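What follows is a set of structures to go through.
The same subunit A turns up in both complexes below, where it pairs with subunit B and then with subunit C.
Moving on to the complex of A and B:
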């Protein structure tokens, strides 16, 4: 490594820094500034004056925001948990060689490459009651008869719709989790496993005492990655329900979007957005610290 | 663990069924049978999507398709260029604040988009850049840059320094080293990164939604959303457009996987 005391490195960095600063950092500052003002889109400039913490106070009175927060927490916890458990299971399964593994893995990974919007619409199509496949299949298994109900409106019956949404997120991102965990599994040292086999440990013991601890860093990364990812869930919900019925399925992102571009209350929206950022922040920071600790 | 095979097939089947469903057949109430003659209906549908549907859709669709490709392509090229420069700096130079800067970039990358959409909208509005390619391109570059830098730094670090050192000794400039030695050597990784960046831009929805208004610059995902208004759901169109969006993304990501020999967890952050 050459030690450069001159400014060369900074010239190389310059374009990147300009772009990042101009389009990420500055807007953030601008947003914070906006959040202290009473700005509405399309209003005359006189609305653009300082109102202090009014928008932030409004946040705590806004039951819809609280609902969106609750929803988002729900989505995040459920999606991440299922992602992890299912992902781990599948990763373990894919860890051994079997015929057609490559193809299977490739096919399996497809949902991740989709635009979340497209994934949302695919599922919406499958969920919609008059002609949805989901209902059709479950009906043919006889699930409805078993539960004694006529049918389920996956996208409009209240508690159900939350799960419908989460399933889309899980479907889309589990392969991603699998990929990361699989990579981790495949780079694990062989010795502990050999030793365990010699000592006659059972499958479960191997898993619990060797595999899991070795996987801990990877699991941590997956956890944080997904938490940060699901907290901002937007496109799928827009595609599936647009926040509806009413406002019942809004996530933080979709609700804030509505406030800003639907109600044109940009200042309120930026205030809410900043609060969302604050919620994200602990996870973002933890994740960053984790990543930088392991890769110097 | 062959139960895994069972669980994997639904995913594949899911996607296949979306293609099958791109047909008029879905109008059959109340039950829905997935086995239909598929491709012919799909082609018919594409004809429908391009010819009929709503007024002037055909020309618009072509334009919109071009928008998506152009914006994604340009954004990708610019991103790779800028991030290569920056990555080179991180990979080869020691300078004060290096770690700090790298981690800051990482943190900025993870910030949720919703926090910056409004100011960006306003900024673009004031710069009269709304509804242009340029707006989308620079926004996408800023969004993809940190990830690209992260990944490319990894690839650059794999390249032995000696090669560069000898080139420098032979009188090559630093920039020359980057362009003529490092980048070609890192080409597989760069290509993989480019493909991923392209896919990211191609699929993007939120910023496109906010920054575009007319077919002058709308991208495919937005149009897909428009086929589902509050009055009617034009499923045929939706799924057709959805497939147009999905197929290139899938193909490109498969290609990208081939190019990514290793280093998968080098910077596996997805927004």
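Moving on to the complex of A and C:
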């Protein structure tokens, strides 16, 4: 007997497919094509110049891109490590019963609700030499005198400025890590903890052998989300230093933006963007796998 | 009859520029029946939106705000307004300062109808200058002296809290500010068209006058300490904020900066500022540069006739008078200065810098902004050179020679 194909489900899928193709697939194909051309925004005729791999090869000869890559790796490693350690510590503290816990948790979350640009500007004023509160406090407690220095220019002394940027990212996003880990801690089954108590396990043993293994999926998610997040760090840098002093604090995102919209090298910026994607991709794929695994 | 609207205008920045268009919209809509949509935002964001729109050929914008220094980068996407301009009544055309038309003309194409112009004036704290019995600086040497004289501890706590002036050293404004100083040292007899490039358009970052300008600034920062210690942290209009909060004696600024100075909500110098011509360098060129803004029509606009009507109205006599009433900018029209709301001193300083002094017949001593596509490419090397010289990692000469070499390599690659 011949089976007839029911086209109705495809018909229902059509609007979604059109949207996905229009907003995702077509722009992606267009961008891939663009990355092999020599298109410069001020010269429309260059849209048709096929330059092969030239834009991709230029990346390896561009010391500013390499510096931006190094900076991005630095921002990512420091921010994610501190996010996780501090976030976990605070989450564990907030997981205990004490008065005012709800208010404290809410207060902790405030930085996440700010726009990164706003956070950047708040910190810029706090860092500003010589009137910023950061310098004022450190001077007041005698730290500069102890170190034998007059002051620190938080936004222009290189490499101090790299830490100044990463501190803003840590300040803003640690509460986000706290929230995810706290939710995971609060949804843990009570039985293993009761059993450990009966068996006389120490606090450290409970943390090491029960809490931490049970937290592992949440930690993995947090790690991946934060890595992908920090790899794209943009707004804070633009607000704090605009990539300066000179070009020394650019991340990949801010530098690529500069190439595309400052120097108008659209094709080159697109090629650099695809190269950056290669760095993001392993993390994105792992994250997707983890999410699908937990959904199943 | 072709469809005239709605007309979508994209304009960088909030007050005062977008406000100027906004005040003219209701009357224009009432007169023509054309609906106007105004999109505004900071320069970087507007530039990004316009660039994307032009590149993709979407045609979202019918009128775009066009700084004359940037217009060259969009030249090929813009309608030549000259044929339409030529058909305008003589009275309309004659009311323009011819210089403002020149500024908006590129390769013989009129890319924008003049909307405003700018030139640099030396804003200063008159209470400080008069209090110290100082004279206003006429030369760069005088300027160095007065900057040093006003740098002091005002509140008596043993720490300096007032400096001579400030320059932005990061981001795109770094280039703008450094270029102003380079112009002051430029030697017009050199045969070069301006401080930045040779007659072929190649950058000349390491020209003697540029080295001299950077060295002059570094000396103020390192030797005299008359620039604030956070100079290397300044991004955007931070230096204007320092002037408004009474931390600077001098601020070389544009006419539109007057709006903030006169606004008690943001300014602590409302009653304490005044303006003078900027000092002149060793070769008779004035510190700063003049430029302007036009309103242009992208070739992708679907309502070019409606867009032209709007531009003609906003840049017309009544539109520009409204502009003056709203914010006393440097207006491109002669008749705009007749209205009582015009700020006579700011206007005179700016007009003289740009057009010369008609009373004495002195020609303009302030050069125009650079119109070159290569400029966008060399920006990073310059900001780096400024940083290297200010932080004393390299001498001004070495930093600029390296920047020049790197720029040429980069341009060769392109």
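Just so it is clear, the second predicted complex is superposed on the first by the 269 of 296 C-alpha atoms of A that agree within 3 Å, B and C clash if a C-alpha of one lies under 4 Å from a C-alpha of the other, contacts with A are read in each partner's own complex, and residues count from 1 in each chain.
The rule we apply is simple: a contact is a pair of C-beta atoms (placed from the backbone, for glycine too) under 8 Å apart; a residue touches a chain by one contact, two chains touch by 3 or more.
These numbers come from a predicted model, not from an experiment.
Once subunit A is used to superpose the two complexes, subunit B occupies space that clashes with subunit C.
Contacts of A:155 after superposition on the shared chain: subunit C is touched, whereas subunit B is not.
With both complexes placed on chain A, subunit A has more residues touched by B than by the other of subunit B and subunit C. By the document's definition of touching, neither partner reaches A:84: not subunit B, not subunit C. By the touch criterion defined above, A:246 lies against subunit C but remains apart from subunit B after alignment on the C-alpha atoms of chain A. In the superposed model, A:15 makes contact with subunit B only, not with subunit C. Look at A:201: by the touch rule set out above, it reaches neither subunit B nor subunit C.
By the touch criterion stated above, A:264 is placed in contact with subunit C alone, subunit B being left untouched.
Legend: residue contacts after superposition of the two complexes on their common chain; A:73 is shown touching neither subunit B nor subunit C. Applying the stated contact rule after C-alpha superposition, one finds that A:180 touches subunit B and leaves subunit C untouched. After the shared chain A is superposed, the part of subunit B among 77-85, 149-157, 203-211 or 239-247 that runs into subunit C is 203-211, by C-alpha clashes. Within subunit A, the residues touched by subunit B in the first complex and by subunit C in the second are 128, 130, 261, 266.
Put simply, subunit A touches subunit B in their complex at residues 1-4, 8-10, 12-13, 15-17, 19-20, 22-28, 30-31, 34, 86, 89-90, 92-94, 96, 104, 106-118, 121-122, 124-126, 128, 130-133, 136, 171, 175-176, 179-180, 183-184, 218, 221, 225, 228-229, 231-232, 234-235, 238-239, 252-253, 256-257, 260-261, 266, 269-270, 273-274, 276-277, 280, 284-285, 287-288, 291-292. Of all residues in subunit A, those touching subunit C in their complex are 39-45, 58, 61, 64, 127-130, 151, 153-156, 158, 240-248, 258, 261-266. Residues 44, 47-48, 51, 54-55, 72-77, 159, 169-172, 174, 229-233, 235-236, 373, 376-377, 379-380, 383-388, 390-391, 413-414 of subunit C touch subunit A in their complex.
On subunit B, the positions that touch subunit A within their shared complex are 1, 3-5, 7-8, 11-12, 14-15, 17-18, 21, 26-32, 34, 81-83, 85-86, 88-90, 92-95, 99, 101-103, 105-108, 110-120, 122-123, 138-139, 141-142, 145-146, 149, 161, 165, 174, 199, 202-206, 210, 221, 224-225, 228, 233, 235, 238-239, 242, 245-246, 249-250, 252-254, 257, 264-265, 268-271.
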